[in-house]
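In the two complexes that follow, chain A is the common piece, with chain B as its partner first and chain C second.
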Partner chain A sequence: MLGPVFATWMGAVLTLVVFSFLLKENPAWRLVEHIYLGFTAAHAISMGWANVRNLAWTPITTKGKYYLVIPCILGLMLYARFTKNYKWVSRYPMSFLIGASTGMILKGIIQAQFVSQVKASMVHISFDNGFWPGLGNLVIAVGTVAVLFYFIFSTKEKHPAERHFRTLGRWVMMVAFGATFGNAVMGEMTLLIGRLQFLYGDWLHLIK
Partner chain B sequence: MSIWQRLLNIDRRIVYLFLFAFISLPLLVPIGLPLTISPETRAIYDYIEKLPEGSVVVVSFDYSPSSYSEQHPQAVAVMNHLMRKPGIKIILVAFWEQGPIMAEEILRTIDTHGKEYGKDFVHLGYVAGGETAMSAFAADIHKTFPVDYRKNPIDSLPMMADIRSAKDISLLISIAAGSPGVPEFARQIQGPYKVPFAAGLVAISVPITMPYMQSGQMFGLMAGLRGAAEYEQLLNMKGKGSIGMDAISFSHIVVLAFILIANVAYLANRKGGAK
Partner chain C sequence: MYQGRGFILVVFVVLSGAIFYRIRLARTGKVPYLRKLAGVSAIEEAVGRATELGRPIVFSPGIAGLGGEYGAQTFAALEILGYVARTAAKYDTRIIVGIRIPEVLPIAEEIVRSAFAAEGKLDRYNPDDVRFLSQAQFAYAAGVMGIMERERPGATFLIGGFWAESLMFAEVGNSIGALQIAGTANLHQIQFFVAACDYTLLGEEMFAVGAYFSGDPVKKAIIAGQDFGKIIAIFLIVAGTLFATFGLESIVNRVINW
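Our next item is the complex of A and B:
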């Protein structure tokens, strides 16, 4: 029982120390920040090692899959970047990583993030299925074209209609930024609420 | 200094104090403000409700402690629903290195409703590589995860005998805080394998993810803590999402009030300056 109680108290004290930053930056807050970074780095190392053990070391030593030595060597070559004379060695695995990742992303990006999105923007503007769905489709169509037009920088805006349409594109983006900001506020508040729930609930048992 | 100038120079600690008070109050004395359920959240609930026995659901824990408050309640709600459904097989996986901690915390505390580890649900843990790892997972689960998070060889888990690739997955749910997340799943799993896909998201990434809903690549999403609260309401369970909703509403009132005060003070101050 002592373990969970100790963990809760430690969490509560660390949370309060982090909150102290709101008043003023102080050494205790900096200590907690470094503890967090240290724990995160240590956890990343342990998860990384588990991956190397499961996907390389064990198959090589117990199943004789010696070809897995190649990615291990490439991985070790990455660390050469920390040396002055052999820094160039790390460029080979890095170029392999970039090439493989680019190929992997390109495989799916055309369909997932271009064709599908363009298709979704080609909506049928009709009020046959009701006013609001029709209005929604109209907003999508006009909004998409207006924003795209905003980013055409090579025209000279000879006609006032061009300027107005560009302004509409800016307004559409402003609405989108507003929605993002509103969601950002909700997200940040949730983080505070989560900590207060922990303090009032798990630590002080004030939430029933 | 005029009152408007004073209002424009409110000490930030006063703002913190107001927020602290207005969030604490509904947490300690819940009001139970009504909450409507969005169609995006309901879509996930309905989809899981209609899953036939033997369906395989992958829940990907792609978040870290920094978004714990928003996303853990989402994961808890979805996992509760999946555990309640008889005959559903659940695979827990993570493409974020801190994801397995979250998954294990849920498995430690959740009522499994008689489901057994290895037979009805497994926790495969984390694999490095982000999008590349997702692609490998979709192509061959056994090769990507030779052992599960609890160090059992994957071939020793009865449930995994017939589940080999993304082709065997009935539903993919990612509780995603960032990258890798929705775009990567859309590119590597939903698109190529046509796996039905839904997500639990941090609130800030909802607007940029909505195009995936519009295009039909995602059929449902939970937006931040509100999404979790909605899902809890659908399940008739009282979780951290529901408890936090009153506080969310109160905090928004405070933020709106300060935005209003600042704008009124700014305009009044400018008018005064012009004179």
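Our next item is the complex of A and C:
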């Protein structure tokens, strides 16, 4: 019974200390910051050990999956960076990591970040179904093209119209940022409300 | 059969071809022109301000790793780190780098060390100023915020892949009066940087600035090659919208779903 009560008190005190950062950086906050960093380091070591045991050692020794020795060797090679003469060895597993992960995403990235976006921007501009839907589609088409034009870096501005079109692209982005900022602030408020519910409900029992 | 494979293949071949072609041209000495972005001057100004105030610079290359979809942002951030570190070394200004991803640490260390060596000030390089903080997102955020509060930097650079911690960093930097330069290609976070920082590199501007600072013709060629991709996208959107507006959606769908 003492365990959950202790955990609640611990959570509440740590929450208040973290909130104290809003007033000023202070020793209590510093202590919590270091506890947090320490805990996550310990957690990472524990997870790392579990991964080595569950994903490598056990399958190799009990299931005969000897090919798993290769990633183990690559992993060990990363530690070579701590030696002066064999530092270069660590670059090989690093290259492998970057190359493999880049290759894996190539499969979906053109579909997700190019084709789907282009397809979504090909809209039917018509005022038959009302003025606002038609205007909305016009804004999508012109806005998308203007923003894309803003991000073309390798052409010289030969005509003032190019600068104006780039400025339009910038304005479109700013309007979009304003809208998403408001949306994101709402999300942040939800997190704050969650913490306040914990403090007033689970800890102080002032609300149910 | 999966629809649209043919179209994706064509786009892939054309985009890759454009990038390879520009790289080849750059290697023969035809380095593409890149327009100077306002962010370039802002970065120089921020380093200058920290130097004048006699305060350090805090640099965060974001929380993304080196591979995957977000890896390019980390590479662009490291490119900019190289320039910022070299300028800081030139003016004897301390630079503190907070790292989240373990694989980024040796690269960042090497970049900052090389920058100090290039300025002939290797003795001023402090390896402890390139710090691995934590792999956990919010522990890393707490670490960077703590560093900002304690070290009171004159300038902060928040450049790379950022997620929920972006506004935390930008707010703290703002409260301590640091000149803040931020940049990310994560669309859902740019608005926070725009609101709370002095200058924001919007999306691809970050990659262009990275290429601009590196001075590497190949990197500039990659940006120029990608520009070709954007021109294709503009063409497709305009053509697709016109076709759709005039009731020829079936043609657009047939092409895209090929």
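The working rule: the second predicted complex is superposed on the first by the 184 of 208 C-alpha atoms of A that agree within 3 Å, B and C clash if a C-alpha of one lies under 4 Å from a C-alpha of the other, contacts with A are read in each partner's own complex, and residues count from 1 in each chain.
Methods note: a contact is a pair of C-beta atoms (placed from the backbone, for glycine too) under 8 Å apart; a residue touches a chain by one contact, two chains touch by 3 or more.
Note that the structure is predicted; figures quoted are calculated from it, not measured.
Of the two partner chains placed by superposition, A:A56 touches none, neither chain B nor chain C.
When the two complexes are overlaid on their common chain A, residue A:A44 makes contact with chain B and with chain C alike.
Judged by the touch definition given at the top, the superposed model places A:K119 against both chain B and chain C. In the superposition on chain A, contact of A:M189 is made with chain B only, not with chain C. Residue contacts after overlaying the shared chain place A:S154 against chain C, while chain B stays out of touching range. By the document's definition of touching, both partners, chain B and chain C, reach A:S101.
By the touch criterion defined above, A:Q111 lies against chain B and chain C together after alignment on the C-alpha atoms of chain A. Looking at the shared chain after the overlay, A:L206 reaches chain B, while chain C stays out of its contact range.
Residue contacts after overlaying the shared chain place A:T180 against chain B and chain C alike. Taken together, the two structures place residues 40, 43-44, 100-101, 104-105, 109, 111, 117, 119, 180, 184 of chain A in contact with chain B in one case and with chain C in the other. By the touch criterion given at the top, residues 21, 25, 29-30, 32-33, 36-37, 39-41, 43-44, 81, 90, 94, 97-102, 104-106, 109-111, 114-115, 117-119, 121-126, 141, 144-145, 148-149, 151-157, 173-174, 177-178, 180-181, 184, 188 of chain A touch chain C in their complex. Residues 13, 16, 19-20, 23-24, 27-28, 66-70, 97-98, 100-101, 125-128, 131-132, 135, 144-147, 183, 186-188, 190-192, 202-208, 211, 214-217, 223-226, 240, 243-244, 247-248, 251-252, 255 of chain B touch chain A in their complex. Considering their complex, residues 4, 7-8, 11-12, 15, 32-35, 37, 65-69, 71, 103, 106, 133-136, 138-139, 142-143, 145-146, 149-150, 167, 187-188, 190-192, 194-195, 202-205, 208, 220, 223-224, 227, 229-231, 233-234, 236-238, 240-241, 243-245, 249, 252, 256 of chain C touch chain A. The touching residues of chain A, when paired with chain B in their complex, are 22-23, 40, 43-44, 47-48, 50-51, 54-55, 58-59, 100-101, 104-105, 107-109, 111-113, 116-117, 119-120, 140, 176, 179-180, 183-187, 189-197, 200, 206-207.
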